[in-house]
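Please find the structures below.
First chain A sits with chain B, and in the next complex the same chain sits with chain C.
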Partner chain A sequence: MHKKHIAITLGIMCFALTIATVIQFRTVDNTNKTVSSSLKENALRDEVLRWKEKYDNTYLELAESAKTLEEVRKQATQNDTTSMAKQQEITQNNMLLGLTEVTGPGIEITLADNNTGLTSEGNEVLDISSQLVHNDDLIQVINELNNAQAEAISVNGQRVIQTSSITCEGNVIKINGQKITSPFTIKAIGSPGLFSGSLNRIGGYLYFMKKDGVYVETKQLDNITVEAYNGVISYKYIKIKE
Partner chain B sequence: MKKESKNAIIINVIISAMCIILFAVMFMQFKTVEETDITAIENMRETELRTAISEWKGKYEEAEEQLQTNKKSITEYLETIENSGTTSSLIDKDLEESNMKLGKANIYGEGIELTLSNTDSHVIDTYDLIDLVNELRYAGAEAISINDVRVLSYTSISQPQDGLTIIGEQRVTAPFVVKAIRKPNIFIK
Partner chain C sequence: MILMAIVIGCILGAVIGIYAPLVPYTYSGYLAIAIIAALDSVFGGIAATLKKNFDLKVFVTGFFGNAILSILLTFLGEKLNVDIYLAAIVVFVGRMFNNLAIIRRYYLSKWTSKKQENEQVESAEKTEETSK
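Entry: the complex of A and B
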């Protein structure tokens, strides 16, 4: 009788052990996969970091060389008034291109998604999407700022330059290849009164955004800093027509 | 009696051993499930990482190229100063390039030309033009013009009245001829 008991118990044990072994094999298999993929991922991550570091170093060096170039140019042109004027024009051009940080009077606009689901009148909103800040909204606000003679514009620290596109990438917005998200801070240099009057007018773009319930705030400032473009402006396909 | 108690002990030991094994198996299974989830996320990350690598690589190459150009012109300037030569030709070249970048020069290159005309069902408004400019920029356009008015970073497009469009303080009307310079095949989507 006892022998039978023991035999059954042993049988069950063997069964359990077999299952355990099989599971272990599978686990090991899986672990190997995970290890190899995380190794691969780590290698990729390392590579990303390596390229980023390389870029950062080169970019620093580039900024340094741009400064040196300007000084050398100044030095070379100090005896010639025509060349000096040209040198000043280049410096001015670089400012307009967005390669230097600039300060001046202007406006700061903050746009943020509304999470309450209520319009400015307190009604429940029908289309929640209208309460979010989209890439189109940013493009329109920038266009209105340009219309009000903005001299320099940045969105969340990204300078708007000639080749800047603002695109929707799912739940984030991409500008100059950088991902940004709500709240958006748009800084523009120009006449603060002109900005405020033209942007906050009834029937203007910000008016409708506010009406939809998007958080909109404008601040006129006497001194505002617009960041420099943190990339390189280089053209591969355009040539000067003689 | 002794034998029976011995057997009971053995059975107890076996049962507890089984319990331990079962627990172990359970934990292993938990771990396996967890790891499988991580693998899915990691696969997703891998493509993202690859995109990030190519982006940074491109940016690095651009920066490196610009750096070499800068270094070259610094040496050119220094050499001319040393030989007390005239730097006016060098500065002319720099100014020309700077003006080209800013959009002050007439330029040419490969690209596309789009003509947009109003139809009975759709009249082209500023939104269409602004969106189009944004899309062209996204596709890597280096220079854009609409009806021969160059669109720069500070160019605004407005429509004070139907049928009249103002681009950068110049009046234009439909049909709009949009020109963009970039490798042509990139626009084909």
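Entry: the complex of A and C
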């Protein structure tokens, strides 16, 4: 009996110790991939990771609060026609600004770097750079989509709004301050036929990208969801002219 | 039976640990200190067993108590802006080395005494043979 007791206690303790150790191993593996030789740099990296975590948590809270606000607003305006109209206006404006998730018929374009070094005809490529998807390519495609009357566009989950910039950051592309990388999925809501016709025409931008060997795929969809812009739109200088 | 319980505990812990959710990075420091404290208790337990004064109650309270206390002290240090966890690491790891030294000496003396016995037996056999 006594021996059994000891065995069970030791087993439970070993269980606790290994579970904690394995979780810690995985946590460290997940966050601190490179250990710097300098103590100070490690401390700074520590700080950055901690702040990032805090930021993510706060951001989640913000999203939650926005949801509650929406609900409260809905409840408050339920029995009042004027405020109901205002509420509808707000919802409509948010949709136009790109602050809500929207859905409708549209097109999904996938652009990806080609890693084979061969063009579409099977020849070896002279300039490997031409087989990569650059920020210019994304800008051109978005421009063509806008030309074909796109009503909402997103790239890898980042909604394109008035203030969106698409820049080259070395080996990644930055949009809305977020880094994204190949493969790029561009989603647009609008007339699928119009999109397809204007994008896939001979001599169009995608035609040349395909010819260079970039992986290009377009899919017409009856129902596509474009994500909401998840930043804060703030204006400092503009005013309505009297 | 005790060995079996330990092995089963370790395997179960490893398997569940692999599938358990990750600890937020902010708290991984506390977990690390707790692990060090627990490891220190384990080595202390082994050393006590070799010295034949192992007490399960002392061992269990040391295992969990040290872990929790070290977490609390680290937390306090964070609030006071003093790196108390450094002191905890120094104490625990120092004790770990002490206990490891005890374990090493125990097995070393066991090994050498066994060897001497064997040599004595061999030499005795040899003298017997020559006397024949």
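Criterion: the second predicted complex is superposed on the first by the 152 of 242 C-alpha atoms of A that agree within 3 Å, B and C clash if a C-alpha of one lies under 4 Å from a C-alpha of the other, contacts with A are read in each partner's own complex, and residues count from 1 in each chain.
Definition applied: a contact is a pair of C-beta atoms (placed from the backbone, for glycine too) under 8 Å apart; a residue touches a chain by one contact, two chains touch by 3 or more.
Since the model is a prediction, treat every value here as computed from it, not as a measurement.
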Touched partner set for A:T18, first chain B, second chain C, both or neither: second
First (chain B), second (chain C), both or neither touched by A:C168: neither
Partner chain in contact with A:I8 - chain B first, chain C second, else both or neither: second
Chain A: partner with more touched residues, chain B or chain C: B
Touched partner set for A:R26, first chain B, second chain C, both or neither: both
Which superposed partner A:K40 touches (first chain B, second chain C, both, neither): first
Which of chain B and chain C A:V160 touches, first, second, both or neither: first
Shared contact residues on chain A - chain B and chain C: 5-6, 9-10, 12-13, 16-17, 19-20, 23-24, 26-27, 30-31, 54
Residues of chain B that touch chain A when the two form their complex: 4, 7, 10-11, 14-15, 17-18, 21-22, 24-25, 28-29, 31-32, 35-36, 38-39, 42-43, 45-46, 49-50, 52-53, 55-57, 59-60, 62-67, 70-71, 73-74, 77-78, 80-81, 86-88, 90-92, 94-96, 98-103, 105-111, 126-127, 130-131, 134-135, 137-138, 140-143, 152-158, 181-183
Touching residues on chain A, where the partner in the complex is chain C: 3-24, 26-28, 30-31, 49-50, 53-54
Chain A partner contacts - residues on chain C that touch it in the complex: 1-2, 4-6, 8-10, 12-14, 16-18, 20, 22-26, 28, 31-32, 34-35, 38-39, 42, 56, 60, 63
Chain A to chain B touching residues, read off their complex: 2, 5-6, 9-10, 12-13, 16-17, 19-20, 23-24, 26-27, 30-31, 33-34, 37-38, 40-41, 44-45, 47-48, 51-52, 54-55, 58-59, 61-62, 65-66, 68-69, 72-73, 75-77, 80, 82-83, 86-87, 89-90, 93-94, 96-98, 135-136, 139-140, 143-147, 150-151, 153, 160-167, 177, 231-241
